[in-house]
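Before any comments, here is the structure.
Letters A, B, C, D, E and F mark the chains as written, and numbering starts fresh at 1 in each.
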């Protein structure tokens, strides 16, 4: 087993249950914001997109695809966070009451 | 009382002048001043009769007023139609509050319901006062008192009210009625429905019950006897309009009950649902006390008057025009059905039929 | 700069990973939710900066341009859409994200021949990415009602889907076996796109929010696979956390909506759902769920409750008290309107409400409360029918004509709890139910009120 | 009845032979056979007296039995200590059920509590039956009946029970007591506490109330008058042990009430809390009905007997050894405090003090 | 075998890591707790087997012998100690574990000169390991009452401890700077050992369970540091998970016992605690939240509810009915035990429970229900006190001696809802509250029961 | 930053919050068993002990210390799990009811 794969599996073994635990008891009030936050976070693919787009070795096709991917994931990031934020603003009062 | 101070307002709104017999409100807790303040005129019985075109009674007197005068009140024309004949002969107009139809619109004039409601409540109080036990369950240092068991037979308005009141006092309540539609109503008060299988359908027109066949009655009694043995209190309210009350509780059934048990027969006036009942009296038979109270609503005079006054005022409002003139509109179902005698004739067909056979 | 920058981007990645974990954690509680959003933004910022600092990244211009374009599209998207459109907006935004993941996979595939483990990871990334893209677009379409929202099903759907899936698997296997770019790849992509469409088609519009959460999870899994392919731990962590939390979130949401998770996912393939929708027909009424009702009630200032015989039949008085308590606690003004002939005996409602210990000063006679309906946000009718039937006012032929009624139809929203469209005591239809502002809540009064109470703490 | 069929079992477990006077159980609904079945011996009053070493009474007769015989029951020695002297002179032993201390352990022998509990319940029934209104609120087609307003003064055992029962019937209830600790207890039944500010603390030893000063009383009355005007029913139960009942409701206060209102004075026997009260009679004054019922528990004979019988059986069990021999253990607080006379002497110090001044 | 075995041990490690995570997860819920133990055993087994397979491990004999000896000591230790001695047993066992970690650090230190990062990790491991060892021994001593259980404090304790700590830090710094073995190392070890003793001295015996959980956390941290030093990821994971869960557990336990965490840890250094501990002192109670209570109730088969005057004061009868309904719906058998003198008047409970419409056949007299308590999973006491006070049975001096009581203490778990530790009518303390199986639920009966109902659907 | 350290930090970043989440809402009834379980698990140091004890390169002192460490941690493992198990057996009935 290559070291890299081993490490990746460790990470997986920890990250998956962590994700499950984190969300397991979320208040239904936050279902929608949480959905929209995970949506924004899933745009972490921007990391891969940048690596491809900026890569020196990649063929032009790949670079172009990479740039498109960067655009797309940026849309996702920006829209995702903004929506989440707008949504949470509506809860502000309730937060205050806590 | 057919008029209470509060209903004087209502009547005056209908543009009529109101005369009250002096001292009439005393029982119900109203003084003559209470009425005077509201703008009613007071007078002796004769004075009142002399002034009034419309006489509002609780119970319509047997002696009719003069020609053209209208009398409204209870007069039970299906039991004793002769009063209809007398009023007709005198040329007076007679409305019977019993005959107000049980339509939705007529509910606010339905004095039978109002009175039945009070009777049901009071019947429970009578039973509770008479019973040598307490109604509610009580866990105490001196042992646990089990809750009293109450059976209400006949779950019309009075019966349902009796069920509700017994439940309030903490008794374990069951109810029974021939009309199976009532099961849901009994259960809607949190009580149990006693299931007695009958051979025939017992629901007549207009929500009233009808008379049962001999066979059906026997079956009903046998099953009922078993249920009754376990009761501390039995309250009977069964009635079939215009008929003698059905006999539901026989002497043997009474004997089968535990000594100390109590039966309240709200149908006493109409012959009683119980064989032992003597109207207006309390009979103790083999340790079982059977109450046959009559005119029960009169024992809660204040509220009975208020409700009746409201019913009769609404009724009146329905039969007079805006400027206070009487307007007998035979197209109106309420007017048509409750009008008994007018212009020298007995108008109500059901009463007519009886008068034919009767007089 | 290499060694130093190397250390820097790795540190940035670690910080990003931690931020993302905290972000999700914080968003799970109302108290810390907004902090969670900041953490998430912070995490992604660090991830991007870290990546830009990596020595593999040679040219920045295009990347920055691409990001600017993305931001220029994303921001107005988020700001201009009305808040009610959040689900479709999320779906749309999500389509972009998934498409990005798919593109990265495609680009990587064409950049450099991969084998074995890496190719497997790439294949997974690609299939999930494309599938999620079309699925998100479909979800958007259904939510925006561009595509009919009702579940679209046909005979043999299961078979078609399953064989399609098997075919995709086979192609994937081939690609791993024969990784050099050829015709298989486009076919594989096409299948993934198609599968995404087919996946959403049979699911009803109402289930879409759940589906979007699930699609988030797929996108997360795609990122995770991308991380394996690119040997990028940040991607693995963020992807995995996202995948698992998205998954569990969709399960939780299903539960909260009283839907079975497998039903949402697969159930619609069967025929069950279609039938239920068809019958009621004729004059349409709007029916709603306990959750909807809870939401409406929770956002009201004044609620007037109208109990009737149905409340008695259901013996719902205790649950009703719970509801009253819960609403009052939230600052809602709750009053009871008692019609003189509600129920089946004089005082029927009184005895039951007294049993449930609802204070007398909350009970109002018809004459007193009728003027108040106009100011009420909600009139909640519980098992009453005749006593709120407007026909009594104007329909001279109706048996109840002339009876004074409670003016519930004056309220902003009317909600009626009853079991069916059956008439009440008077046996006549009730036009109230067909009003535009009326929501019918079908069910037994006791259990329905109970469900509303349960749904209440959750409602906004 | 001091013994009911069920308690015969209990007594027999204590290894004693049980004799019952023939016909004694009739009122409470028990036949002689009921007792015989349980293994009790039946006899005439004289026979029973002849056989028994321990006599269980409800109310101890004024004539003492022969020397050495033990009598247990109510005898109110603090009000009339002469009975103690008579028993002492006769050489009989006398236990007073009133004097059983109100400790936790003695609760199952506390007949005062049992009887008070029944009295409180019954007082409400009497009031409800007498009131010309109904207790519960009712929204009907004939208008809305507002709930009756009930005030209970003195919230000891009887008062609390009266509060609970009125609430059950649907009235709006408030309660008042000098002891402020009672506020929480009243509220624990869902009723309102009427806050009347007093100048001094009113709680004596052992949970009983003590007599108030003149000033305090005047203040109390003034505030009370305001509250009473708004009530339909007032039930008074205030008592200070061994003393005449405090006068809480003056004639003026009664006059201030609405005609038709009802007052039930459970303290009637001990002089009454209300100035108008006549013990054992119903007085109507300016339209207000004042009931002064005496021996109220006896009107619920079945449960009163059962509870009392259980109390007295437990008491007996505590004073006799396993093999059925009497064992008067003066170290036992219950025995010590309830023992009034023995071996020719009045033993109870509180009674001794009274006898000194009295005879 | 090298390459293959390499793959094998790595896989074993991953499985072990996953098992350990699952083990803790599963042990957090009563339903899956035993599965959790198996997972933990399985995880450690895999860790050991994996390690033995590593090529670095050359000789097995001594290792196996050492393990056999360990097992031979550990097993009887666990089996022979009475169950009541669990805390001290855990402390003892823990001393061994921490000592092992310390020894590994020491051995590694002597094996090979380390520098920088690794030396830092080693230093942390060593200081935590030794500290925990002596601390555990002290905790054992206090629990076994070999050492006086009362907090031992003296003037200037803070100063002494802090300077000691600074000194240890300095030594550690020196070691990292000058890693070759010399006199510093033993001094460092000595300081750690001493610090462990000083740490526990001022903490009272009642707080020991919390302290042990915290020491677990330290041992976990030591393992984690060891993992950094040995570049062993399994150690890092297991150590970190253990450290964090142990930490949070000790915080939770503090909360449940109504103690401030910082007080337990540091407070004793000041004088504050001494006073507080002395008063409530001696007898600690376990308190729990509504969520906990809901969890316990939801997993019960038979619950007996004992209402008392407090239920009446709080007017909790309606909420109680909700609870009854909710539990009954979940299939829990709920009964009510009514003590003859519960409340303040005869029939006090009856009238309230009847108002809430709790069916008569659910109410049981004391004589009838007392035998049932032994079979009840939970006795839920709501605002009752005197009527469930076992002193009535045996304490002849008690004012309530001789009164028959409800045998709630026979139930498997007892939960008591009341607002404080204040006594009831009789004014006496209630030993029931201090029982091991009793959970105190502090709060107003009405709102607390309401919260339990709310928490119920979520509970396992 | 060396790769090994980087990996270790990732693992730490995931493992610590995971541990916190897992235990955050444990029922008080399980406090003691959980305490004893984490105690057993903390004996994972046995891994380090074995590595030292079995190491070819270590000086004898280290090896001996390693063997002692193996013994000690085995005691901890065995005792820890057995106690946990005994404790949980007392809850058995409740599990059964589910």
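Simple rule for what comes next: a contact is a pair of C-beta atoms (placed from the backbone, for glycine too) under 8 Å apart; a residue touches a chain by one contact, two chains touch by 3 or more.
All values derive from a computational prediction rather than experimental measurement.
Touching chain B and chain F at once are the following chains: C, E. Touching chain A and chain D together: C, E.
Between chain B and chain D, the superposing rotation on Cα atoms measures out at 180°, rounded to the nearest 5. In this structure chain A contacts its sequence twin chain F using mostly the same residue numbers, the overlap exceeding half. At the far end from chain E, in terms of centres built from Cα atoms, lies B. In this assembly, the chain whose C-alpha centre lies farthest from chain D is A.
Distance between chain centres (mean CA atoms), chain B to chain E: 70 Å. For the pair chain A and chain E, the distance between C-alpha centroids works out to 37 Å. Centroids built from CA atoms put chain B at 75 Å from chain A. Centre-to-centre separation between chain C and chain E, using Cα means, comes to 39 Å. Each of residues 107-108, 113-114, 117, 136, 138, 140-143, 145, 168, 170, 190 in chain B touches at least two other chains. Within chain C, the positions touching two or more other chains are listed as 21, 25, 233, 237, 340-341, 346-347, 351, 354-355, 357, 457.
Each of residues 7, 10-11, 14-15, 17-18, 21-22, 25 in chain A touches at least two other chains.
All chain pairs in contact, by the document's touch criterion: A-C, A-E, A-F, B-C, B-D, B-E, C-D, C-E, C-F, D-E, E-F. For chain B in complex with chain D, the touching residues are 27-29, 31, 107-108, 110-111, 113-114, 117-118, 121-122, 125-126, 128-129, 131-134, 136, 138, 140-143, 145, 165, 168-170, 258-260, 287, 299-303, 306-308, 310-311. Chain C meets chain F in the complex at residues 6-7, 10-11, 14, 17-18, 21-22, 25, 233, 237.
Across the complex, chain F meets chain C through its residues 1, 6-7, 9-10, 13-14, 17, 21. By the touch criterion stated above, chain C contacts chain A in their complex at residues 20-21, 23-25, 27-31, 33-34, 36-37, 40-41, 43-44, 47-48, 51-52, 54, 56-60, 62-63, 65-67, 69-71, 73-75, 77-79, 83, 86-87, 89-90, 92-94, 96-101, 103-104, 106-108, 110-112, 117, 209, 212-213, 216-217, 219-220, 222-224, 226-228, 230-249, 252-253, 256, 457-460. Partner chain E is touched in their complex by these residues of chain F: 2, 4-5, 7-8, 11-12, 15-20, 22-59, 61-63, 65-88, 90-95, 97-98.
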